[in-house]
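Which chain is which? They are A, B and C, in the order written, and residues in each are numbered from 1.
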């Protein structure tokens, strides 16, 4: 208001003409401000969309040489010999899938249990302390997790867990002799579990809390135990949401580069032994992208990034679908 | 008076298969408790190791000294501290601006038909592997202009923006519709309502989101790998050059494997982790307070 | 016949003769006035088993007292209605009868509440067993998002009643007067049923485990008049086999379905209390307490 009168040098006579002029100016300011804000918001959204679009464009363009040379079968060739221009992504894809799936299994079992505890068992004050503590795991910088992974988790994995698994399940071939320093697919899976766990536990807690109290009461009023109520009513009504949470956790595990690179051993091998070094898509990029041996290798690394990108986009679409479908049901 | 004698036909002790069912139920509940305890124990172990290994490295010269001049030498992390602060600041400004604008766009300005694809894009961006963000910025910025703090901040903000946008979106949606309606009923124009009613109403949520996003960005390594890795060993504040930073410094210190370097890595990890955890705790408590004050 | 048996005549006597029996160990506190429900007028001395025997029952939610000093008995194979203004603790009392309140933070109950002579809240009473014997149907129909069949079969399966499950489901659905409407679509989702059908499904679900008592908390309040009528008809059937306790806001409904009616109201401190408990006919035609009279003639509040 004060600004308005400052703009108008004329004394504030209260004639109808002045009033009309004042209103018109006000309307003009309103119009300008509203336009500015709208334009800014559109720009913000446009930047997001354009960025995402150019990520896709950039990665595809970078990968085009490798795509042209190897075609879609790139993902199914294991050899990675840059000198000979023999490049295939299978060993990376394999390592990514194995580490992500193993960590997903651990994180789902633990995370869903934690979600059950936080949403259905613990008194609110307890849940309000434990919940944020678990979420704190997600705040630990990945490079720090990698450091702890190298110095603490790797030896633990190689010298404590491996004999344990080997003793019981050695015949499966999944738990063979460990590498000396403990760098292995399994160690990477453990580190990933720590990263994925807070995602799954927080999401599943929130999902479990959406189950109406009336449904839970209805189950308990029929003489069901707590666990029967959870298994018979809560889990079936939330299964799609939990699946969505797992898909998000899987995506997180696939995309992690740093901590995995630190502990996975970075050997482009394909083998069943979880306690042996391996490699992943993201860690291949982290290790080699800085100084690729030749342009074809660089392009192949872009190709690996493209695979990661496709996995990321797909998982985000899938989890969105699943979660929104679940929301519709309840 | 005869009603006191309990009728055995209607005993309330566990009957039939109930004893077994209760056992299963208690075991399952016990499992859930153990899982939660395990997660907390893991957190404590992670913090514990970092504290035990890292606290010994801390000293004034460590905090302020230049980075080691050559691998395997002793040194400080002063330039990396400053660089990380600067990167977090620049990336924070970019991502908070973009995040808030995008959230406003989605809630206030876009028709549902336009909002849906933008929201989906935001989800995809949130799921973008951080290393791909690094590769992307390398391709469009670093390949042409070389490494720089700006390039690194752009890569970081690709990770941070979706976080800010989503949390802001959530806070905006929690602003009671009645406030908006009241403003509209008073004839207040839309943009004024947005700036004076809706944004302030969501302020505590947005602030928390911004702080958490900056904390997250400060700890990210992958986006910096190809954008701000070739830095010198002394203080560099010009964002047109590669900025020394803590995450990459930790990463390279560990890779060298020299005991003195690993010791430094622990010290730096301790600082980085503690700062981020503290910021997280404070921001969350602040958020809860703010919400309670407004009765949300 | 077991010893937990009395006549309605004795009911008054016990109240007057032994108002303050030495408190069992689990009475935590017995504050408040020793107000007693109005002695009820003499009823024909029919011998009936006492299912619930409440003496001086009170309930707190945190620091707030919700219900004060309820003393009443509920008898077998009768339908007992709980009526009263909103917030007077009808649901609270009903939910005490099968311990549905236990998991509410801050909830505490005192006084003595016996079920066939067993202390409902005693150390030997198991909550799950309590609910298996005392089923409950809620105000809002709450079928599980499962098939109609599985809604009914779920609890029997838990209990290990796997033999003749199909017959059991059919019996429960017939018992809830729902069989003819759903027999061709047992495998379809229960969420596709109408509100009234859903509520009858919930009743079928409750009786599938052959409970002793069925508690109903305003079971028809979310339903249209036709669905309400079918639920009321059903209650007449159900009380032949089960003991029914029903909370209702609708006094006509209480008159139509209940043999006995308890009127709860709020006292000076806005704490719920039992004001009057009598045969339904008596309560509505000759209320002994002025507050009951005001309420049933619509002069309440």
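Simple rule for what comes next: a residue touches a chain if its C-beta (ideal position, glycine included) is under 8 Å from a C-beta of that chain, and two chains touch if they have at least 3 such contacts.
All values reported here derive from a predicted model rather than from experimental measurement.
Asker: How would one label the connectivity among the chains shown: line, ring, star, complete, or other?
Answerer: Here the contact pattern is complete, since every chain touches every other one.
Asker: May I ask which two chains are joined by the most contacting C-beta pairs?
Answerer: A-B
Asker: So, what's the distance in Å between the C-alpha centres of chain C and chain A?
Answerer: Result: the chain centres lie 50 Å from each other.
Asker: Distance between chain A and chain B based on Cα centroids, please, to the nearest Å.
Answerer: Here the centre of chain B sits 13 Å away from the centre of chain A.
Asker: Chain B: which residues touch two or more other chains?
Answerer: Each of 21-22 in chain B touches at least two other chains.
Asker: What residues in chain C touch two or more of the other chains?
Answerer: 128-129, 132-133, 158-159
Asker: Indicate the residues of chain A shared as contacts by at least two other chains.
Answerer: Residue numbers touching two or more other chains: 225, 228.
Asker: Help me check something: in the complex, which residues belonging to chain B touch chain A?
Answerer: 21-22, 24-25, 28-29, 31-36, 38-40, 42-43, 45-46, 49-50, 53, 97-102, 104-106, 108-110, 117-118, 120-133, 135-136, 138-140, 158, 161, 165, 189-192, 194-195, 215-216, 218-222, 225-226, 229, 247-248, 250-251, 254, 262, 265-266, 269, 272-273, 276-277, 280-281, 284
Asker: Per the contact definition, I'd like the list of chain A residues that touch chain B in the complex.
Answerer: Touching chain B: residues 30, 33-34, 37-38, 40-45, 47-49, 51-52, 54-55, 58-59, 61-62, 109-111, 113-114, 116-118, 121-122, 130, 132-134, 136-137, 139-148, 150-152, 194, 197-198, 201, 225-228, 230-231, 248, 251, 254-258, 262, 282, 285-286, 289-290, 301-302, 305, 308-309, 312-313, 315-317, 320 of chain A.
Asker: Would you mind writing out the residues of chain B in touch with chain C in their complex?
Answerer: Of all residues in chain B, those touching chain C are 1-7, 9-18, 21-22.
Asker: Show me the residue ranges of chain A that touch chain C in the complex, using the header's touch definition.
Answerer: For this pair, the touching residues of chain A are 123-124, 212, 214-215, 217-225, 228, 232-233, 236-237, 329-330.
Asker: Of all residues in chain C, which touch chain A in the complex?
Answerer: 98, 100, 103, 105, 128-129, 131-133, 135-136, 138, 140, 142-146, 154-155, 158-159, 202, 205-206, 209
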